[in-house]
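Down below is the structure, laid out as structure tokens.
Chains: A, B and C, in written order; residue numbering restarts at 1 for each.
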Amino acid sequence: MITLASDFGTPYPAAMKGVLCQRTTARLIDVAHDFPRQDVRAAAFWLQEVLPYFPPATHLVVIDPGVGTDRHALVVRAGEHTLVGPDNGVLIPAARRLAGDSTLETYTIDETRLESVTPTGDGAPASSGRAGSQSNSHGGPASNTFHGRDVFAPAAAGVHETELDGLAALEWLSPLEASPVDLELPEAALADDRASGEVLVVDDFGNVITNVPGGFLAGHNRIAANDDTVPVGETFAAVAAGERLATVGSHGYVELDVNQGRGASAFGLEAGDRVVLEAVHEA
Amino acid sequence: MITLASDFGTPYPAAMKGVLCQRTTARLIDVAHDFPRQDVRAAAFWLQEVLPYFPPATHLVVIDPGVGTDRHALVVRAGEHTLVGPDNGVLIPAARRLAGDSTLETYTIDETRLESVTPTGDGAPASSGRAGSQSNSHGGPASNTFHGRDVFAPAAAGVHETELDGLAALEWLSPLEASPVDLELPEAALADDRASGEVLVVDDFGNVITNVPGGFLAGHNRIAANDDTVPVGETFAAVAAGERLATVGSHGYVELDVNQGRGASAFGLEAGDRVVLEAVHEA
Amino acid sequence: MITLASDFGTPYPAAMKGVLCQRTTARLIDVAHDFPRQDVRAAAFWLQEVLPYFPPATHLVVIDPGVGTDRHALVVRAGEHTLVGPDNGVLIPAARRLAGDSTLETYTIDETRLESVTPTGDGAPASSGRAGSQSNSHGGPASNTFHGRDVFAPAAAGVHETELDGLAALEWLSPLEASPVDLELPEAALADDRASGEVLVVDDFGNVITNVPGGFLAGHNRIAANDDTVPVGETFAAVAAGERLATVGSHGYVELDVNQGRGASAFGLEAGDRVVLEAVHEA
């Protein structure tokens, strides 16, 4: 199984799927292709939360603002899972979760040794003599702006078709000598009755997902979020439609939500904003 | 085959797919994940119209404004099809269509007896001690806000892996004692030359789909829709681009459309609005 | 394998998938369902660029502003690929690429001889007596507004289940007597230091994709685009975030982009606009 995640919208993911289907009959499952554009941290959060629900798989991830620069292209083995994507940190939080107690193995892709991607009918005028293209050893072009199609998809197919213990033997992979670019999602500072954190992401429902562990809400009926006091509920429906609440979201973090509405608007919060939560003791 | 429908946007459906892939190799087909948010009636309409085109399948449906409340979680057998989702009426119109002449069998899911969903690497700080989580008999957490992932997806996988006649024997299913929450899409009142109905939904093209049966248009060249007289056409192209018309949509209902434009804007109508159609007799 | 492309949004593609799954176990891969509404040229461009990355497949394409008129419904064999869709030009640029040196074979679909699409539970009041529906020889209804579901999907399934050399023997296909409606994407006029072309499409990133072959940029450090001078870069990251550049996009054409921003806004250009590129010789 190969999962796909990107910030591509459409129809670019289809080109990656075409390349994958040329090289493998693996099942393809979309994680999302509308991650916030070039937002490595948001994608890293979502991948960390979603990929652990999959069985062992190859995860192709292309959120890649540095495409075409000298950033590495990585393959990361994490336990029974493998991740393929750019070396900008986007893979790492998910890889740590997926690895459990095992150590991450990190490889860099030598794109000049990958079997090149050649579309049917290539050689049309616009494609020949393209400036800035690199020829690889097979004579095909690798674009500088679409490594998802030309580098990461072929690599993901190659990884999928290889035994996990055989990655080191692939001629187009070599162990990454330095450490991969890391990315740590920020942790909240916790005291007894006070948590100081930030908004990790706002989801499609408008729910404000903070980095405050859900346990903070235990035993409280009301909290103040940046001085706004709201009830703590176990479910959205604990408050009337349109009303605000704090709850423990499905990822285990405190969320600031509105029942059948958008928490982000109601609380005036967006990704990256600071959030201070304080327990409110009833009189 | 398992179809998936929700109002989740992304990436939450991917978590459901991961859970499904852990438990079944069934084909997964997305119906839609952008149904109008928490709009049970709109989803019920679309499912009624779309699901009958599928071969026998398990249909996982999560439009669930009451998630985490004591609403039941259902499995409905409808002929050769099975539907899995919340007991809020969203499943019922489609189930009636799919059942044909057979009787609906309705079961309630005992989520404490379902094999729990445990992500790889669970046990991270944010997940432990989460307030408001329920432990089930397997020790795993079931969120209060994401039953799509934690209850309905495991149930859909379980149903898919069971013979239809074996549903009653599943230990985590028991016959629903009461009737399921029903939902009847409104029917138009029809007279010879007048139909009084309402807008069921507006589709992505902006076409206004009413609940007036298409047969009402038979024999008429022009009709008045809320006093606006427009031609009746067999195809969008019966009128010039940008012009309004009434036609029989692909679901068999009267639609108020604009050729290559948005009927909802041109007629000033949205879901739930009343529509009176009257035959216009030419002089 | 069957790929699907349309301008349908959701959930209409799901009805096509249901029909396909009734008739074939072929793998289904979405190319895109959010192509610009009824924009035959934009879809033709994207299909030309994306479909050649797929292995031999049946490509179901429904961008069909003339649905229900007397435009033909086509099957086009292009080398090892087959395309199914309306006769409005949308299939042709991709077909030419996919055919390579082989000649296109073009068939017209006789929809009255296709096995009709009958949903489970059909016969409900709204469906019976629908005005404007055509009965086919099997007695089922074919809508006038959704040939994707009622004509093209059944045809794509039928084509997929047939040997490529057996298309001519299908009773519901006959050779198209005239030529199909053609569509040529415009070509830029090229001189040594000047290219006069137009914007083919703006992609989801806001990148302005012109029809000027990438080779035009070779050897230049700066160009003027409609008198706006910008650097030529091999990658987006050749300029600072938020800065404009000209680069060779992944399709081999000159693109006018903004690193981590939207070129279309920064250059004030949209699909169809004229673009004159001129080499700027440094002093």
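In the analysis below, a contact is a pair of C-beta atoms (placed from the backbone, for glycine too) under 8 Å apart; a residue touches a chain by one contact, two chains touch by 3 or more.
This structure is a prediction, so every number in the text was calculated from the model and none was measured.
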Relative orientation of copies chain B and chain C, as a Cα rotation angle in degrees, nearest 5: 120
Copies chain C and chain A - interface residue numbers shared by over half, same or different: different
Distance from the mean Cα position of chain C to that of chain A, given in whole angstrom: 29
Chain A: positions in contact with at least two other chains: none
Residues of chain B that touch chain A when the two form their complex: 8-12, 14-15, 17-19, 21-22, 28, 37-38, 65-69, 117, 119-122, 124-133, 141, 143-146, 149-150
Sites on chain B touched by chain C in the complex: 1, 3, 5, 27, 29-35, 46, 49-55, 57, 79, 81, 96-100, 203-205, 211, 213-219, 232-237, 247-253, 255, 260
